[in-house]
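Take a look at the structures listed below.
Two complexes, one shared chain (chain A), two partners (chain B, chain C).
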Partner chain A sequence: MKFLAVCSSGLGSSFMVHMNIEKVLKEQGITGVDVDHADLGSVGPGAADVIFVGADLADSVGGLGDVVVLDSIIDLAELRTKVRETAIRKGVTVPDAGAN
Partner chain B sequence: MLTDLLTPETILFADRVDGWRDAVERVAQPLLDSGAVSSHYVAAMTDSIAAGGTYIDLGFGIALAHSRPENGVERTGLSSLRVGETVLLNDEPAHPIDLFFCLAATDPQSHLDTMMALATLLSDETLRAELLASSTPADTLAVLTKIGQNA
Partner chain C sequence: MEGVLSVLLDVFRQPAIIVALISLVGLLLQRKAFSDVLKGTVRTLVGFLVLAAGAGVVVASLDPFGAMFQEAFNVQGVVPNNEAIVGQVLLDYGSAAALIFFFGFIVNVLLAATTHFKYIYLSGHVAFYMAAMIAVILGVAGFPVWGVVLWGALLQGLVTTLSPAIVQPFMRKVTGSNDVALGHTGGAGVALSGLVATLTRGKGTPSKSTEDITFPKGLGFLRDTTVIVALSMAVIYVIVALFAGSAFVETELSDGQNYIVYVVMQAATFSAGVFVILAGVRVVLAEIVPAFKGISERLVKNAIPALDVPITFTFAPNAVLIGFLASFVGGIVGMSVMIFAGTAIVIPGVVAHFMTGAASGVIGNAAGGRRGAVLGAFANGLAITFLPLFLLPVLGDIGLSNSTFSDSDYGVVGILFGQISLAGGQIAVIVAILASLVLVYASSLFVRARARRAGGGDGGDGAGDAPTDADGTRVGETASAR
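Our next item is the complex of A and B:
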């Protein structure tokens, strides 16, 4: 299972989302998910199982598959909810007591 | 350490600025002065924002202005500008900004530690509020020393 954070430059925002996804996966005890980040121009269909983007790029990633749109890329509460929902939706084992 | 990059010289405050372009130019000025970036880098950031690149709006009134390494980065740098009056990024009401950061990264790996610290800082609700409440470089530096302590 691969989650990919994408932004226009591949350096700033996507890097932060990448690190925050890893933080959330760790604190919720979710394993078996690889996380990476990339710039929009280098991402093609099938690059990852799920692509995480900020709201501004929501319209640019339509053809890239399963996309999760984040209202804010530094809102850990939002990310916790969306990462957890996505993991469950993709069939990744999510510990019950993870949301602390 | 963020405090290697964010110093009294790179932590700026302005009661008011003349729109988002002025804000981006001001926050980039310390990096320009120190030679971390060229004027081309500043132009690349403003061009990118003007072309719709409001993705640098991280949320909570914080923006991370940056461009790609090849657009004029000489060495890694980071600066900040707290504006007294909210600025609309690219004049868009959906993107009100109170705190600008300017990041210059030579390549993704070299600024890994910087980005990790910045992500930890800005994603922490308490530290984020303290950062926005800071009104002097000393205030900001005091917040930076707390990064990771309660994570």
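Our next item is the complex of A and C:
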């Protein structure tokens, strides 16, 4: 399973979202997910199972498959919820999944 | 014995190896497994070589541009693009730049831990570019390599601590909190935008927010760096080629190939080179930035992460576009002035105007509504056109290249310390760096004393106010979560 954070240059904000996704996965004890980051230009369909972008890029990622849009890329609580939901949706083993 | 020494010296003269070693340290600090350490170190070594290869591609496409520009207008034409210039700089200053980047982060953490400026600069790519520029400035000043690294690291630490600080009074207006800061080399221009917006706000009814306007969508393609660089460069190359004339291009440069086809392909090649450099930078930073983040979270209480410009974009999407357009117009106006003044000509760099112009728009809007967004971003556009012009002469041979650093902080820091070096030599540079350090501690003490006098009351203004307690939802809380 691969989660990919994407921004326009693939350097700053996508890297931060990438590190925060890893942090959230670790917090929740979710394993078996690879996380990476990339720029908009080099991402094609099939580049990852799920793509995470900020709301400002939502219009630019059509056709890239399963996209999760973050309303604010600095809101860790939102990321926590969305990563957890996505992991459950994709059938990744999530500890205490029933408790959510 | 001498043989061994010379081999060792050869090893450490390779910037790729220095960068790989820094990555190795980063991986060990993160206590990664052996296989991850090996993988990450080798990837960084290769990543640096990818970056260097991209620099070659960019230079090959810029050379004909420079020749055409010279033929057409008889002056130097400069394309401000961070990746293009940093790729070239790293070929000569790579080892010093990598070490300044590494030790500069440590200085940043120490300053954040011991002063009121709690900003940890996590935008590794622009920090790396800043380190490259500082390596050039101090190298041109004639410092020995150890001096470049020592003084460069102190300067780098100061810049990465203070750049977020000058934007923070305005960032607080945007985010409504003190949990995140802006960490980008456009900081000075963005702060200028906030200042201009505040000054032009007017006393009567405040200018309405940009977000009350219904604004056309469909400019999403602006966000794809590869596409926008190729398109904008194609426009610029074709215009310059038309002025240079088909005869010149086809006899001197393209070896008979149709001149329009030739320049369009060169523009696309430029974008390809930037693409390759970006890929290299991404690999080089992949192991080291997480290590930095981990260290700062452990060592600095109430750390405020300073992050890349797109963190501002979701707060005011209309201001993003308005800011880009206003900044770009500023760039065109600035370029026109240069044409009449007969100086080297700085062509508006679309990526820089987008990134820093957009952030200036968001900041300007928060400080002064629509009018603030337009005027503030316009001021930023002028700043990032004229600063590169005055930066060129202090960069030595690098200033003769057809590309340069595009954002405001490079201009402010480079021109300041370049001129200090021209005026007073190495001693003046050292004195200026030490004086800046003293000033940082003095202003930190002052802010702390003022905060105490106010009984801990938090007005929310002023660059160094005590960080408010994190509410547990923002990235800023990472420090307290450990």
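Here is the rule we go by: the second predicted complex is superposed on the first by the 96 of 100 C-alpha atoms of A that agree within 3 Å, B and C clash if a C-alpha of one lies under 4 Å from a C-alpha of the other, contacts with A are read in each partner's own complex, and residues count from 1 in each chain.
As a working rule, contacts are C-beta pairs under 8 Å (C-beta built on N, C-alpha and C of every residue); 3 or more make two chains touch, one makes a residue touch a chain.
Keep in mind that what you see is a predicted model, and the values were worked out from it rather than measured.
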item	value
When chain B and chain C are modelled together on chain A, clash or fit	clash
First, second, both or neither for A:59, with chain B first and chain C second	second
Most chain A residues touched (candidates chain B, chain C)	C
Which of chain B and chain C A:35 touches, first, second, both or neither	neither
Chain B versus chain C as contact partner of A:25, first or second or both or neither	neither
Contacts of A:4 with chain B and chain C, given as first, second, both or neither	neither
First, second, both or neither for A:51, with chain B first and chain C second	neither
Steric overlap of chain C with chain B in the superposed model, located at which of 45-53, 81-89 or 333-341	81-89
Touching both chain B and chain C, residues of chain A	7-13, 15-16, 19-20, 23, 54, 56-57, 71-76
Residue ranges of chain B in contact with chain A within the complex	48, 52-60, 62, 64, 66-69, 103, 105, 108, 115-116, 118-119, 122-125, 128
Chain C partner contacts - residues on chain A that touch it in the complex	7-13, 15-16, 19-20, 23, 37-42, 54-57, 59-60, 71-78
Residues of chain A that touch chain B when the two form their complex	7-13, 15-16, 19-20, 23, 54, 56-57, 71-76
Interfacial residue positions of chain C with respect to chain A in the complex	122-126, 175, 179-180, 184, 217-218, 220-221, 223-227, 275, 278-279, 281-282, 285, 289-290, 293, 305, 307-311, 313-314, 317, 320, 351, 472-475, 477-478
